[in-house]
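Quick one: structure below, then a few questions.
Note that the chains are named A, B and C in the order they appear, and that numbering of residues resets to 1 at the start of each chain.
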Amino acid sequence: MDELIFFINRVLISGTVLGSIYALGAIGVTLIFGILRFAHFAHGDMMTMGAFIAFVLASALAALGVATPLPMAFVVLPAAMIVTALLALGIDRGFYAPLRARGARPVTLLIASIGVTLMIQGLIRLIFGSGTRSIYVANEPKDIFRIDMGWAGGSRPISITEPQVLMFAVTAALVVALHLFLTRSRLGKAMRAMADNADLAQVSGINTALVVRVTWVIAGALACVAGTMLALDVALMPDLAFNIVLPIFAAAIVGGLGHAYGAIVGGFLIAFAETLAVFNWTAVLRPLNALLPEGMALPANLALVPTEYKLTVAFVILVITLLVRPTGIFKGAST
Amino acid sequence: MSAASNTEARGWNSPLRRGLILFAAMFVMVVAVGMVQGTASILLILTQATAFALIALGLNIQWGYGGLFNFAIMGFLMVGGASTVFLSYPVNMAFWQSEGPLLLGRALAAFLIGLALVLLARRSHRIGIAGRWKTALVALAWFAAYVIYRSQIDPAAAYIESTAGFVGGLGLHPVLGWAFGGLVSALIAFFVGRISLGLRTDYLAIATIGISEILRALIKNMDWLTRGTMTVSPMPWPTPLPQHLQATGMSIPDSFVFARLGFLVLAGLILVGAFIIVQRAYGGPWGRMMRAIRDNHVAAASMGKDVTGRQLELFILGSILMGVGGAMLATFTQIFDPSGYQPINHTFMIWVMVIVGGAGNNWGVVLGAFLIYIVWVISDPLAQLIFLNLSQLTGSLGWGAIPEIDSRALQMRVFVLGVVITIALRYAPRGLLPEVVRREG
Amino acid sequence: MPLIELKHVVGGYGGVPILNGVDIAIEKSDIGVIVGPNGAGKSTTLKAIFGLLKVTGGTIEFCGENIANSLPDKLVPKGLSFVPQEKNVFTSLSVEENLEMGAFTRRDDYSETMTWVYEMFPVLREKRRQPAGELSGGQRQMVAMGRALMSRPRLLMLDEPSAGLSPRYVIEIFETIVRINQEGVGILMVEQNARQALAFATRGFVLAQGQNRFTGTGPELIADPEVAKSFLGG
């Protein structure tokens, strides 16, 4: 039983947290790809930017002496989302739209997004320095909920922290909201139409400029949430999300570029694959030791992949997907 | 990359004039920086810029000629550096006298056995296993090979790290180390290319980023081979070191100047040599075919050209230059530190060099390399100047001085790089010295 | 005043123009059909009207208003609608969602229009929740036309509506087009199936090399031996 609890704590819960972060980031990437047809490399830094905005707002609130039962970062999240969304619009207006108007190829836009990445990262480092800090600005204690498993024969509780609970709730709410938007609202359907067939969308009279703006607003807002959650889970630093650009893109591709649901599935898939791969299976398989004959025992550390190579997992999944089924699970855009 | 016909344009639009003006401007810039920072300093900058120019030439072959979006530059630089470590670092007697070589030999055997298993599994259709079963067998072979290799290499690595520290080098001449860097890069490029070159441009970019990260993780963690985060230093030079010159009686400042000058001359020779070779190839029939493929895959393929094979060729050739350049950098700085490699410094900067300089034009790329590297280096002191003045201003306003000016000024480089590439894309998308395509026939 | 009038229109995709002075005029009651050999500029004419390529000479007037080089999504509210030849449905959206997209520019209640479309194409009502990509070629064409009708256009433009369809569907489509016209929508279409289309055309235009060659009612053109010999083939 203890082994199962260990598994739940280490894999299920952290996998779900990571999956949420990947999913929210990947949705933005996949929507931008579906509507604007380019790989938005700067998405990782957009997430970092969102996290820092939340940090600034939270710090301001804390400085004003406001006290809240929830971690500050969650309280300011809606405001941070709005600011990030506006910034995303501004970035598109300033850097990508002019190139699109000149008929730039996707590769050029990718390079432009690299320029944006560098500028955002440089700015963040300039303003905030390159050190690491905590987003728990008011030093809020992290409430830990412990579910006692004594009744099932376990000696340790399943523990889940308050921020993690909030993360699940927020992610679930956002996913539902997005679903309703895409399937019930006129603009949401127009977005799907444009991702499906941009030329026909224009011919049908859909206001493509409006759809593009909405795309950036959604992508920016979700990136803010993903970045803030990552900062809550790990720590806040300038290259926070730069390192997970690869898994996020992998998630978007695996799920099928242009399909928001695919991005969600892809995000959780990759997150769990990573978590399971670096998990020390020995801890869970210990009971099997009793079954093994004298003298043989499980090695002390039976992880498929050493923790340093965690990124490799996403990459391998990506390569396999591109080789076997390039359009992804939900058959999105491809070569 | 559209063709620009070489009409007899005047002034700025004449490629020759433009090139001369830009190179002259750069020369002026170099002299100016030299006067401010000192001769030894400018020589340091120039030497590193030369190595970067070589690397940029490599990227130009891949992207400018081949349209291949290689984001794994950092990985190849690390490979080059690690290779020259292995070849040129003094011999570590402690290793050779221990059981280390034996254990490594066993690991190598395990590797070969694993390789054989996988190859056999891939041929298993000869004995009648096919389809799903064969795929399962191949997967099983991979898994088994991995386990067998790990079972031998893990104890070997642990042993080496605890006794001799690391494998050490072979003590050979650094230039051989550089050549070895090119060779190993070529090998890795071969495997990387085989897997990923069929992919669309954006995907290739992402795939190569992943490969870069894997290479970095591997090199960083193979402590038994590269000392990992503990770094390897000092690396020997192919030309006399400042210490050697001081031993002959030269003054300390002079020794730095002349030592670096020596290295610079060697590096410059290598750059010129590579440049001539690449330029010649570009002008000839091979270059024309490459450009034909780059500009229209489908047409080229329908004419019977082996598109993927050619792309692989370009990828490997470009990687060789990157490996050599990376090796040169490691030798010059005399230290190999896997943690010191950052995608921004080592992948993106090269891309900016090529794009700003002019993709597809070797002169442009070299110009871009020197220009961008100098801009990169002087961003830091310039930013410091700005921040110090700003700090005085905020101090006088009562807000207090700006903290950590040193590290912040350093970050200015990143921001400047982003601004440069954005401006370049807007106003000079084909670079300062765009590709000049002669109309044939 | 004609519903739409093209006078000496010159245009193309940049470079050498494909249209070299095309004249077309259609009234609201007309079924206009453009025929001609490959490369004559038939589809190009429709695309020029709908702002999908650059018009460098001549005028295009819709109800007296010059609409040359407009943005496509500005033309739909004015009363024009276009059914492209290929990729003319949103494959991942359901049939009903496809229709809804056609009504995107409308601010009023369009349920009546949707009922009208379903009456015109009963099979679509059955399949309205299915993704359009799963339908057969003929049914897809219906979805495409239905989508274009949702904006209640005054002029419906179709690019080779019978392309790739089995003969049974071709007849059905043409009959539906006539019916749409009877309900008050002007039709301007390009067709490869020249004889069949011209049979019910009230205005026929034979184009070749970007210019008009022959103009008249459909039956007139079919009866004309010169036209029949050079352009109508089989």
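Here are some notes:
The definition used in the following text is that contacts are C-beta pairs under 8 Å (C-beta built on N, C-alpha and C of every residue); 3 or more make two chains touch, one makes a residue touch a chain.
These numbers come from a predicted model, not from an experiment.
Taken as a graph of touching chains, this assembly forms an open line, each chain in contact only with its neighbours along the path. When the C-beta pairs in contact are tallied for A-C and for A-B, the bigger tally goes to A-B.
Computed from the mean C-alpha positions, the centre of chain B lies at a distance of 56 Å from the centre of chain C. Distance from the chain A centre to the chain C centre is 45 Å, each centre being the mean of its Cα atoms. The distance from the centre of chain A to the centre of chain B, each centre being the mean of the chain's C-alpha atoms, comes to 30 Å.
Across the assembly, chain C contributes no residue that touches 2 or more other chains. Across the interface of their complex, chain A is touched by residues 69, 195-196, 199-203, 205-207, 209-211, 213-214, 217, 220-221, 343-344, 348, 351, 355, 403-404, 407-408, 411-422, 425-426, 429 of chain B.
Listing the residues of chain A that touch chain B in their complex gives 38-39, 41, 95, 98-99, 104, 106-108, 110-112, 114-123, 125-126, 129-130, 242, 245-246, 249-250, 253, 306, 308-309, 311-312, 314-315, 318-319, 322-323, 334-335.
The touching residues of chain C, counted against chain A in their complex, run 50, 52, 71-73, 75-77, 82, 84, 87-93, 97, 100-102, 104-105, 147-148, 151. Interface of chain A with chain C (complex): residues 186, 189-190, 192-193, 196-197, 199-208.
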